[in-house]
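Both of the next two complexes hold chain A, though its partner changes from chain B to chain C.
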Partner chain A sequence: MLLTFKTMGALRWVLVGLSVIVAIFLLVPVIFIVALSFGSSQWLAFPPPGWTLRWYQELLADPRWLASMLTSAKIAALTTICAVTLGLLTSFALVRGNFRGRETLRAAFLTPMILPVVVIGVALYAFFLRIGLNGTLTGFVIAHTILALPFAIIPISNALEAFDKSIEDAAIVCGASPWEARLRVTLPGIRHGLFAGAIFSFLLSWDEVVVAIFMASPTLQTLPVRIWGSLRQDLSPVIAAASALLVLLTICLMIVAALVQKGRQK
Partner chain B sequence: MSPEGTEEMTDSFLSIKNIRKTYGSVIAVEDVTLDIAKGEFLTFLGPSGSGKSTTLFAIAGFEAPTSGEVILDGQALLDIPSHKRNIGMVFQRYTLFPHLTVGENVAFPLRVRRKSASEIKSKVAEMLELVQLQDMADRLPSQMSGGQQQRVALARALAYDPPVLLMDEPLSALDKKLREEIQTQIRRIHKETGVTILYVTHDQEEALRLSDRIALFNQGRIEQVGTGHDLYFNPATRFVAGFIGNSNFLEVEAQGARDGRAKAVFPDGTQMDGVPLHTDGAGNEGSVLMVRPEAIRLETAASQGAGLPIRIFDTTFLGDAIQVDGRTSWGQTVTVRAPLSAGGAQGAGPGDTVNLQWNAEESHLFSNG
Partner chain C sequence: MTTATANPAADRSRMKGAALALPALLLLLGFFVAPVLSLLVQSVTEPSFGLQNYRELIATPTYATVFFNTFLVATLVTFFALVLGFPVAWALAVLPPRWAGVIFAVVLLSMWTNLLARTYAWMVLLQTTGVVNKSLMALGIIDTPLALINNLTGVTIGMVYIMLPFIILPMQATLRTIDPATLQAAALCGASRWQAFWRVLLPLALPGIASGGLIVFVMSLGYFVTPALLGGTSNMMLAELIAQLVQSLLRWGMGGAAAFVLLVITLALYAVQVRYLGAGRTAVGG
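Entry: the complex of A and B
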């Protein structure tokens, strides 16, 4: 190691300072929105003049907000299942396959991550208009699965890459059919990758807004889409409460992911 | 094992016939034919890349050979999918299922075979006792040393009483002391179970210690099959002579070949009669003489005229023996390993000239190719 934290001398305090500033910069909006969601001011005044749970009560009493949350959860869950399943199959082909154009195919599967989301949104909108999938749950799940697929493929194929094929071979010599070996030995062996892929896919769908705006209909709106829509109509602190819930679930999932990661390293 | 038992092994339990495997233009195995008797411990020995694993994998069923046949107990094996061959295998790499405990790993092949719970339980206990790990049934593979993991892998591979056990350099990742310990265990287990074992290694000491017979691989072919004794004292090719043990290879001319023997004439004119001659099928006469360092006696140049004169340039004390390094008059180096108790020119030192003598029987003539 040429440059370690210990050997940096005074420079390391500059580094510490910078890190703290960046962390604050990243966290302040989140803290801000959570604070506002508990603030008593109708007009989102900051600092809040008092504290209240009123906005959460309103949020949870409003069937439209509840419907959005349910929609979001449903779409995210279905997206997770689709993305992880497809991601698993794709990873097997990309990691174990031995065919020409494998690297090109790998790159192709990762393009949704690089392509501007707006472009994907417009393309899907135009395409779904023809086949009548706009504003449907199916359309939503397909769109989000496309976006989530790279985030499922990366951790799953990494895990598969790290999993020694000889272990699967050993299961086969032991008498397990190739499918049984994959199911009973390889899948448990790459479960951390599957899990990471699932969490990433869920989170992607859960807080995705751009494509969701294209896919949404008045009766089918995810939480981010409703937040976005409400934002333009009336600037109510209920939005802050909804955002805070969005953040809460995200943080919970990240913590679970981190715990699993840590448990694995032990 | 008697050395002359080799050729009479007709009751072949496992037959490998003309196995060939190519990957594109790479020839991994060129042509391997071998018969293995029931209960035998046969080792594939050879340098890395000589096709040992590929041959083993063809028997296990991971890689279908390009051509050839494998017959196990009268049944053609190659048409049977790997998981139905009922063969045991221990791999070079650690292949315990990481999410299962040691006990569950050993139970896996029995579960797959839908054995009853009670049968599984007793068999797992029996197998763990066989590899002396009965107290570790509840450990995860990650909590065990490499040597222990390979012993569990051995228990798992034997749990379903396979007729043949394949082992592909199972100890190559372990340090020497541990390796020897487990080799002893493997020998014991072979005796106790009577299972036929095909073992792969590139370590000749390991092969000599474990095997009934050794098949020496070189470039996708078997150079020689025989007991360690055979390979050491009667190497069929120059490669075998060079691979097993230490050897001196001296430039000679073979003259008057007859009945598998010839006269060796060294560049300095020294002659030796009746040296076993090994032609490699091409019919060219031997032009290199092999002799083991420990087969050579040292005589003072003055004492008895006969022998190949060398000039000593180094001597090394090795405890039970002394190693003498010298050079022939035409500049080839020769190593002699003489026991301290031997007489002759023991006292000779660097700069002295001595005569080398050996029994013609203990040297071999090979073609120089």
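Entry: the complex of A and C
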């Protein structure tokens, strides 16, 4: 009745109406950013008097914006490698291990996800100032790996849990060494988990702003830190262009994720 | 050992299994546990040993206002996110797959879009000369622009926007697990729609509503970016206060004390979540 679409009567149109309104509310800012980035008004008048690519030209001509994009990409790539590697090792321990305190350990690994990011940011800031890692690439990667680790561990250990261990054992029976079996049988078997972990880790680092504000120095800034700095000064349309590129990236990643999902179901 | 084994070799290989977690564990201990603990220790040692930072935190009216604002915003955001999110979650659970897929994609697109990009959009939309004010004036609803930014209204709108996906996803997951036959049974037993909703659907959906609400409340309490950009100086929230104490005022002790308070509240609410609602999936997309 209330959970069967066909027999809900007039109620279903109320429900559809409300959902469409909320969906528009969710969609409008995203479309708005993209439209704004092509508008010719310096003062962000909307609808804009004309259309232009000027803000993209300014964005791509400014070495500071480009440098921050490059920094972001570097940090996100390194974070992904570290988080997925550590996440894979940890998942093996958490899923295959049978030791005392395994559940406590699992919970402990997820705490960086629960704590307010600002607390982690401030704590690492104090620590890195003392040991001289503030404003360095290493510091950034360590900080982001801490934050990304739960997001790598969850999908990888889920995939490992779902993977039938007897296939790995069969490979060993057939003469593979345990490591060979893990590398050539288990790893391909859990690749969707590794892929999801990699995407989550990359996006986390790429979009992360709170910890990054504390880690950054005038010479080492990620893209979000650069946007944050500009936002505190003015609402220049160049930010709209940068934001629109980020929206494009999100859409690309969603399409890739959907394709991978589809490939898995086949 | 949870299971006793007669084979010591198997035991050893299991302990070796545990050793694989060591690199990540060391990283976490060195760069997460130690720094957070040391920040908390600073709250009772800087500038001198004692509880004076906590005393100041309680006694200063400015800080009391910050705590009040933090809870006010978190409460408002949770309320509006629940009210707006529930119909969407419900629709996602009952709509034909094709339509549900479209709405689902919109929710994910909004959730995955860069936080600063979304907040920037609201800063432009809500400013005095922004689209929202202009539309309202064109429709003749208002004569002079409303102050929608740098105040509580701006923070609430921006935060509800950010939090909606986090409340829709767990609620729709719970609603999907409810067997539609339960409601048909209620109807057969003579329940009206109204009764079936209040006495069958809502109680069954409650775990999802509660856990979604709690996630959003906890996330809102410690949120930094959106309140800092859409809020004004008079409605500063706890996370921004901590950042300011440490970064601009260099008052590490006070910053540590405020961080400790935020940490305790967060962990207490998380414990409630685990105890009564199961650990479940927290805010992670997936």
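Definition applied: the second predicted complex is superposed on the first by the 257 of 266 C-alpha atoms of A that agree within 3 Å, B and C clash if a C-alpha of one lies under 4 Å from a C-alpha of the other, contacts with A are read in each partner's own complex, and residues count from 1 in each chain.
Throughout what follows, contacts are C-beta pairs under 8 Å (C-beta built on N, C-alpha and C of every residue); 3 or more make two chains touch, one makes a residue touch a chain.
Values in this document were obtained by computation on a predicted structure and should not be read as measured data.
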{"item": "Contacts of A:Ile142 with chain B and chain C, given as first, second, both or neither", "value": "second"}
{"item": "Touched partner set for A:Ile239, first chain B, second chain C, both or neither", "value": "second"}
{"item": "First (chain B), second (chain C), both or neither touched by A:Ile167", "value": "first"}
{"item": "First, second, both or neither for A:Gly175, with chain B first and chain C second", "value": "first"}
{"item": "Which of chain B and chain C A:Thr90 touches, first, second, both or neither", "value": "second"}
{"item": "Residue contacts with chain A in the superposition, chain B compared against chain C", "value": "C"}
{"item": "Partner chain(s) touched by A:Val185 [first = chain B, second = chain C, both, neither]", "value": "first"}
{"item": "Contacts of A:Ala126 with chain B and chain C, given as first, second, both or neither", "value": "second"}
{"item": "Contacts of A:Phe46 with chain B and chain C, given as first, second, both or neither", "value": "second"}
{"item": "On chain A, positions contacted by chain B and by chain C", "value": "none"}
{"item": "Residue ranges of chain B in contact with chain A within the complex", "value": "60-62, 81-89, 91-99, 108-109, 112-113, 153, 156-157, 160"}
{"item": "Chain B-facing residues of chain A, complex", "value": "164, 166-167, 169-178, 180-181, 184-185, 188-189, 191"}
{"item": "Residue ranges of chain C in contact with chain A within the complex", "value": "1-3, 14-15, 17-21, 23-25, 27-28, 31-32, 34-36, 38-39, 42, 84-85, 87-88, 90-96, 99, 102-103, 105-110, 112-125, 127, 129-131, 134, 161, 164-165, 175, 178, 180, 183-184, 186-187, 193, 196-197, 200-201, 218, 221-225, 229, 239, 242-243, 246-247, 252, 255, 259, 262-263, 266-267, 270, 279, 282-286"}
{"item": "Chain C contact footprint on chain A (complex, rising order)", "value": "1-5, 8, 11-12, 15-16, 18-19, 22-23, 25-30, 32-33, 36, 43-46, 86-87, 89-90, 92-94, 96-100, 102, 105, 107-127, 142-143, 145-146, 149-151, 154-155, 196, 200, 203, 207, 209-210, 213-214, 224, 227-228, 231-232, 235, 239-240, 242-244, 246-247, 250-251, 253-254"}
